[in-house]
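The next part holds the structures, each set out as structure tokens.
Common to both upcoming complexes is subunit A, partnered first by subunit B, then by subunit C.
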Partner chain A sequence: MAASLASKWSRVGRSLLGGLGNNLSGLSSTSHEMASGNFLSQQQRTFIQMRTVLKVVDNSGAKTVMCIQPLKGRKVARLGDTIVASVKEAMPTGKVKKGQVVHAVVVRAAMQHGRFDGSEVRFDDNAVVLVNKAGEPTGTRVFGPVPHELRRKKHVSILTLAEHLA
Partner chain B sequence: MRLEKCWFCSSTVYPGHGIQFVRNDAKIFRFCRSKCHKNFKMKRNPRKVKWTKAYRRLHGKDMTQDSTFEFERKRNRPERYDRNLAENTLKAIKKIDKIRVAREERHHKLRMKGKKAKEQKEAAIELEQGIHLVKAPSVLAQDQSLTLPKIKVKVQAQAEENQAMEE
Partner chain C sequence: MGSQVLPQALHWIPRSSTQCIPSKRLGFSTVLSRGPFVSHGVSVSAKPIGWNLGFFVNAQVKDSFVVRAEANEEAEANESIEEEQNEAVQAQGDVVVAVEAESEDKVEEEEVKAPRKPRVKLGDIMGILNKRAVEASESERPIPDIRTGDVVEIKLEVPENRRRLSIYKGIVMSRQNAGIHTTIRIRRIIAGIGVEIVFPLYSPNIKEIKVVSHRKVRRARLYYLRDKLPRLSTFK
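Right, the complex of A and B next:
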């Protein structure tokens, strides 16, 4: 099942790249500087899955983590989901060390997330907050904006630490 | 429920439409449709893009200062629901819209004002230069005025046409 899913994603990726390639040829008539900008900005943002590298936005000590598995039996993770991750980069003085396997909550996702009023939100990057098995954050501060979706997922503790609420 | 303004083109974003992009400095950009969103991603400046309200206001195409705009300012304090107030607000909205549209039309008319004289001048020059296209020089020698000559057409073609139809 995972294999079939992987092949589906690779097909999606290839078709996307094909689509982007078409875009590039179509844009050759416009100015050269715009063409390169267009190619980069029309990225298709998708889910958070295995091997996705995410930024850590709390003061737990980790800098980046790599997703190992989305939790709750999901195939992919979106905004507000919990994942199992491996710490890739860490500050030397921190609560977590490199190579540690941790749980994390996705607080910002570049893929648009549908809200109940019909609108969609998207963030600038993929970011997580490290969490213990119970769901309490490892760090004591959270940086950057944080979405309302966490309230529904019962991550109120992260919301209280947040500086901005998107 | 709140009607937002598109960051790029300044049109209203109704509920259920558009995308809001949250930048990491917590600034929220709302877009009414993917056209505006894509232009934003291209890093285009709305003040330089001709079809946006920002450009039009900046270049004096649309009116900038008007008392009708004061009614639309963002208020963050929620009002307690009052049926009378709601009814009066709805009536007021209609009236204010009508007034604003009338003022915008007046602004547009004022903007387009000096054009008629210019158009007539251009037409006169064109007539003088191009009169030989419609008036034979011999006729022009006789009659110096720049009026178009009357052309007499002999009515013969009609009978031939009827015969073709019958066949």
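Right, the complex of A and C next:
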């Protein structure tokens, strides 16, 4: 119990650090190794960074993308952030093709995201919605639940397309 | 506002201006909360304000205490101050003269006073504060007994979504007890994706918690549900 609490708090602490320090990506990778060696096998879910493969949950044509860079000068991306990504897999008939570099908004993250009332939300997968440079979604439908955090980040257009609001 | 005290304070023995009174001394705060003091031209209002401003004023506050104690030696209303100040003074391990003078007064007036409450230890403070906060929250909205394995429905007021209450249903995966920040973790499959949300039980945003059903589980934390079929985490 104490160990699980400690790992939970260390996770929260690490998420608070997000965006600070050049050693952050090193930190997150080592923490992941440590966590898998932990006998309690608490899953340490960390940020979305370069080389992270994410699922695309709109009907823009892409299936998976790989993150190239988080935007806004951040070192890592979290729920609600925008990233630059490269399309890895795409439907043959779609608006985007494989290898294309696109912008995307993270709508589901496996890392817990704290809210202002003390609650935390986490999803089972990492998912994005492709957007253009202005922030408007490329597709016309969004599948799966999306969190309220998008409203704060001014992605209201994605919220309106969503099928469920978590 | 220490300057309000100064004209008279300067005449008295200037002592312990370098001392710091630890702000955690509950004895101090109980003094401030007791009834109106007999004023001797030294303004009473200086003390509470001084108290809020922190260490550097406390030295002056303490001077004012000393001032008052010596000025009002004959006033029996000040036995409480003297007694508390006595402890403060003794704990600082500093003043000699005033202590002797005041300890005699204290001995005389102790019989008159009601029996003292037990001192609150430093280690108990968080527990007491947490208990108070929990009781305050419970009086406004009682929380049912929630255990791991319950299927609960929570009605939450989200400030961003002010129109109506959000409803969250799911199985309680864990309950972490931490006083006022006692949390429960709810898991549910929403639109095909598993979502886990941690709710602080005593949050004022939670308008209603209802236990819908219970599933027999043999664990305190149901993290295994993440690897299982989505069917096990689906609740209509």
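In this text, the second predicted complex is superposed on the first by the 125 of 166 C-alpha atoms of A that agree within 3 Å, B and C clash if a C-alpha of one lies under 4 Å from a C-alpha of the other, contacts with A are read in each partner's own complex, and residues count from 1 in each chain.
The rule is simple: a residue touches a chain if its C-beta (ideal position, glycine included) is under 8 Å from a C-beta of that chain, and two chains touch if they have at least 3 such contacts.
Predicted model, so just to flag it, every value in this text is computed and none were measured.
Trainee: Consider subunit A as the common anchor and indicate whether subunit B and subunit C clash or fit when overlaid.
Mentor: clash
Trainee: Any idea whether subunit B or subunit C touches more of subunit A?
Mentor: Touching more residues of subunit A than the other partner does is C.
Trainee: Is A:117 touching the first partner subunit B, the second partner subunit C, both, or neither of them?
Mentor: both
Trainee: A:166 contacts which: subunit B (first), subunit C (second), both, neither?
Mentor: Both subunit B and subunit C are touched by A:166.
Trainee: Thinking of the overlay built on chain A, is A:89 touched by subunit B (first), by subunit C (second), by both, or by neither?
Mentor: In the superposition, A:89 contacts neither subunit B nor subunit C.
Trainee: With the two structures laid over each other on chain A, which partner does A:151 touch: subunit B (first), subunit C (second), both, or neither?
Mentor: second
Trainee: A:136 in the overlay: touching subunit B, subunit C, both, or neither? Say first, second, both or neither.
Mentor: Neither subunit B nor subunit C is touched by A:136.
Trainee: With both structures aligned on chain A, tell me which stretch of subunit B collides with subunit C: 9-17, 99-107 or 153-161.
Mentor: Among 9-17, 99-107 or 153-161, only one stretch of subunit B overlaps subunit C, namely 9-17.
Trainee: Could you tell me which stretches of subunit A are touched by subunit B in one complex and by subunit C in the other?
Mentor: In the superposed arrangement, which is not itself an observed complex, subunit A uses residues 42, 108, 112, 117-125, 144-145, 163-164, 166 for both subunit B and subunit C.
Trainee: Which residues, counting only subunit B, touch subunit A once they are in their complex?
Mentor: Result: residues 1, 15-24, 26, 28, 38, 41-43 of subunit B touch subunit A.
Trainee: Which part of subunit A faces subunit C closely enough to touch in the complex?
Mentor: Listed in rising order, the residues are 1, 4-5, 8, 42-43, 108, 112, 116-125, 127, 143-145, 148, 151-152, 163-166.
Trainee: Across the complex, what residues on subunit A touch subunit B?
Mentor: 34, 37-38, 41-42, 108, 112, 117-125, 144-145, 147, 163-164, 166
Trainee: Please name which positions on subunit C make contact with subunit A in the complex.
Mentor: 158-161, 166, 176, 181, 183, 190-200, 203, 205, 220-221, 223, 226
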